[in-house]
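Below you'll find the structure I mean.
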Amino acid sequence: MKGALRPEAAAEMIPEGASLLIGGFMAVGSPERMIDALVARGVGGLTVIANDTAMPGKGVGKLISAGLVRHVIASHIGLNPETQAKMIAGEITCELVPQGTLVERIRAGGMGLGGVLTPTGLATEVETGKQIVTVEGNRYLVETPLKADFALIGAWQADYVGNLSYLLTAQNFNPVMALSGRTVIAEAESIVPVGVIPPDAVKTPGVLVDHLLIRAA
Amino acid sequence: MDAKEFIARRVAREIRPGSLVNLGIGLPSMVANFVPADLGVFFQAENGVIGLGARPPEGMEDRHLTDAGGGFVTAVPGAASIDSAMSFGLIRGGHLDMTVLGGLQVDEAGHLANWKVPGKMVPGMGGAMDLVTGAARVIVAMQHSAKGQSKIVPRCTLPLTAQRRVDLVVTDLAVIEPTAAGLVLRERAPGVTVDDIRAATEAALVIPDDVPEVILA
Amino acid sequence: MKGALRPEAAAEMIPEGASLLIGGFMAVGSPERMIDALVARGVGGLTVIANDTAMPGKGVGKLISAGLVRHVIASHIGLNPETQAKMIAGEITCELVPQGTLVERIRAGGMGLGGVLTPTGLATEVETGKQIVTVEGNRYLVETPLKADFALIGAWQADYVGNLSYLLTAQNFNPVMALSGRTVIAEAESIVPVGVIPPDAVKTPGVLVDHLLIRAA
Amino acid sequence: MDAKEFIARRVAREIRPGSLVNLGIGLPSMVANFVPADLGVFFQAENGVIGLGARPPEGMEDRHLTDAGGGFVTAVPGAASIDSAMSFGLIRGGHLDMTVLGGLQVDEAGHLANWKVPGKMVPGMGGAMDLVTGAARVIVAMQHSAKGQSKIVPRCTLPLTAQRRVDLVVTDLAVIEPTAAGLVLRERAPGVTVDDIRAATEAALVIPDDVPEVILA
């Protein structure tokens, strides 16, 4: 790990038009301080890859409301009316991806796979424009890897070398996304000495984490 | 008893001891209320827990433990936290014994449409395509009609959720089993005749000699 | 989970010619009591999918020595001279798979993927006979899923509903294999009450486990 | 100093602060002895730990913590347990900063052969194909010759490990960098002349004007 950053300093690393993987599910487990700093910085044209766009005032929803997002790759935007409104108004483009396919595409990006073969989406709109491969007589969609310039991760505990652990359903997409950002920035609820997170409780090894946000004030 | 409770109680009878079950948001989630605690059933919330429980006692809600709709939940003894990759691995790998989902349309081929009304409602498919493709058993729980229109149709006019034939449809009027030979009427709601159901159904139905009344859990 | 079995009873479930995923890495983390029971039962013609064949007298090596294995799918057999000797003598056939590809193939089997695309093995003997897919201008091998009739898992702790945890490097292939056996039998070093393994420490959810071996005498 | 120690000490100089490094079994594993503890380097054992440490104190060996050769090891503070999927995800996804592997042959294209001698030694590739394909930097550590035969050859006659060009070859005689223009002789062992190296090398070498003596860690 390279070091701990103030949220403003972390946000300054992120340029106009960057692509971001953002952890969380309906904002549960999302890195809220990091997102607040991005909203304060105000760089736009972002591509956001996330399970959903939460709701106005929460998680990814704050970036949507602030008009900083140009493109969304997500499985669900139905609980954020602003995302839908901006999509209809042409301010945001949106690629909708089945949730299981989304997580496998992000994992493939982080794990060096050229893609995965899945039956999900066959004979639906999701099939459109995709390569199809037949294995043992069954047809599958080729789903391609997703990576991003940054992964913004929400964790429960971090230790001084960047090892991360998560709590219950706040885990969700975070560990997978930590594999797939070219720069990985993690925000943890507490930062604890090395050894407090035992090896078997580490869900994201610190070697994947480039920066931790400093502790909350 | 209102129509939703009727549907939920009928679906609850389909749930086998010791199985792993995913309930969609809304009506399907009501099914859990009618499953005996001693049945050894584990409910999955696809955002990250096996062993989903009821709402927590007031004041004990924790933001790290929610269901896929973002609502506070509990976890039962023996629960396991899962990340999104494991969660959808369970769904897509056939480990999920049953999913119960809402529907917009089911057709004579047993195809389900439940994620999009073009031009009107584009929330995204969330986990629905994975659930219908991967779950061992797919049950659709929905009202028989909406705004006077049958939701059981010759051929879905809305975008399909998957190419897989669903296993059972439970409505306020009837229990219908999609088969290779078409939609077989298995049960009727109390006080509802076969002719009532036929009149309320746009799709062709296969009517066995004996169509018993629904028995509830 | 269906229940706890004596090792002999578990071995009796496994017929002549069955395919077995066996956890462990150089026998570290292998289910030794289960393997001993298989050797005692003496059913042959087995296909074993494992990282390696350990060494004579340990883990998978015991099955090799007993002459019960007909086919091996592994990444490495170099530390067991008996495997090599039997291969040369034509008693065992062997498919050698790069270790990272092996784990992804097993995971794909368990997670319902039709396969994964990988650059590992391109321009080597591993490429022979495999489908090649091009994604964004790069060539990848299509590596197909692996499943087996049984997965034999070595764990550290199990609880009464079959949740499993592992210790340090004894984890290795076990959690992935627990996804991909049609019947999953786990042998744990201790069996503890529900709640002793907290939800975030569960690596294999009990819903994946069909049987636990009873505690060691 | 014997040849192996010389090679290990020279390779150690390539290791950058804070990096993630995988050392193969045998000679490569000796490299760890010459890396300063304060460099913040994490060693990966591909069987399941990041933060591999030296042998444990006598009597404190534990069978749940071994290296990829099955030998007892320790874990350093900040270590993380990883299953085989995460382990090879780190390797294949480009998260591994460096791997050091033994070699049987390296050729003028920079191709490595190190896993098979047809008809003589068929141990399997283990993790070698994944490591050479996926690691950010691949260093081959080997004797310059075996049984009087140069191991640095015009074109590998043994089966290739990967199509990727390795980054550096360190032998008892020389440090050689495979490039698009061929094998560049970068350094010579103390007391060894360029002519000595040329005489001991079957492959063509590109010889810069200045070929300094090796400086050791």
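Letters are used for the chains, namely A, B, C and D, taken in the order the chains are written, and counting of residues starts over at 1 for each.
Here is the rule we go by: a residue touches a chain if its C-beta (ideal position, glycine included) is under 8 Å from a C-beta of that chain, and two chains touch if they have at least 3 such contacts.
Everything numeric in this text was worked out from a predicted model, so none of it was measured.
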Chains touching both chain A and chain B, listed by label: C
Chain pair with the higher count of C-beta pairs in contact (C-D, A-D): C-D
Separation of mean Cα positions, chain D and chain B [Å, integer]: 55
Between chain B and chain C, centroid-to-centroid distance (C-alpha), Å: 35
For chain C paired with chain D, centre-to-centre distance based on mean C-alpha positions, whole Å: 29
Contacts with two or more other chains, residues of chain C listed in rising order: 104, 107, 111-113, 118-119, 166-168, 171, 199-200
In chain D, residues with contacts to at least two other chains: 49, 75, 81-82, 88-89, 91-92, 133-134
Pairwise touch network: line, ring, star, complete, or other: other
Interchain contacts, given as pairs of chains that touch: A-B, A-C, A-D, B-C, C-D
Contact footprint of chain D on chain A as seen in their complex: 1-2, 107, 109-113, 159-161, 163, 179-180, 194-195, 199-200, 202, 205-208
List of chain D residues in touch with chain C within their complex: 45-49, 62-70, 75, 81-85, 88-89, 91-92, 116, 121-130, 133-134, 159-163
Touching residues on chain A, where the partner in the complex is chain C: 104, 108, 111-119, 131, 133, 135-136, 138, 140, 142, 144, 165-168, 171, 199-201
Of all residues in chain D, those that touch chain A in their complex: 18, 20, 42, 49-51, 75, 77-82, 86, 88-95, 133-134
Parts of chain C lying in touch with chain D, wherever the complex brings them together: 25-29, 51-52, 55, 74-79, 84, 87, 96, 98-101, 103-104, 107, 118-126, 156, 166-176, 203
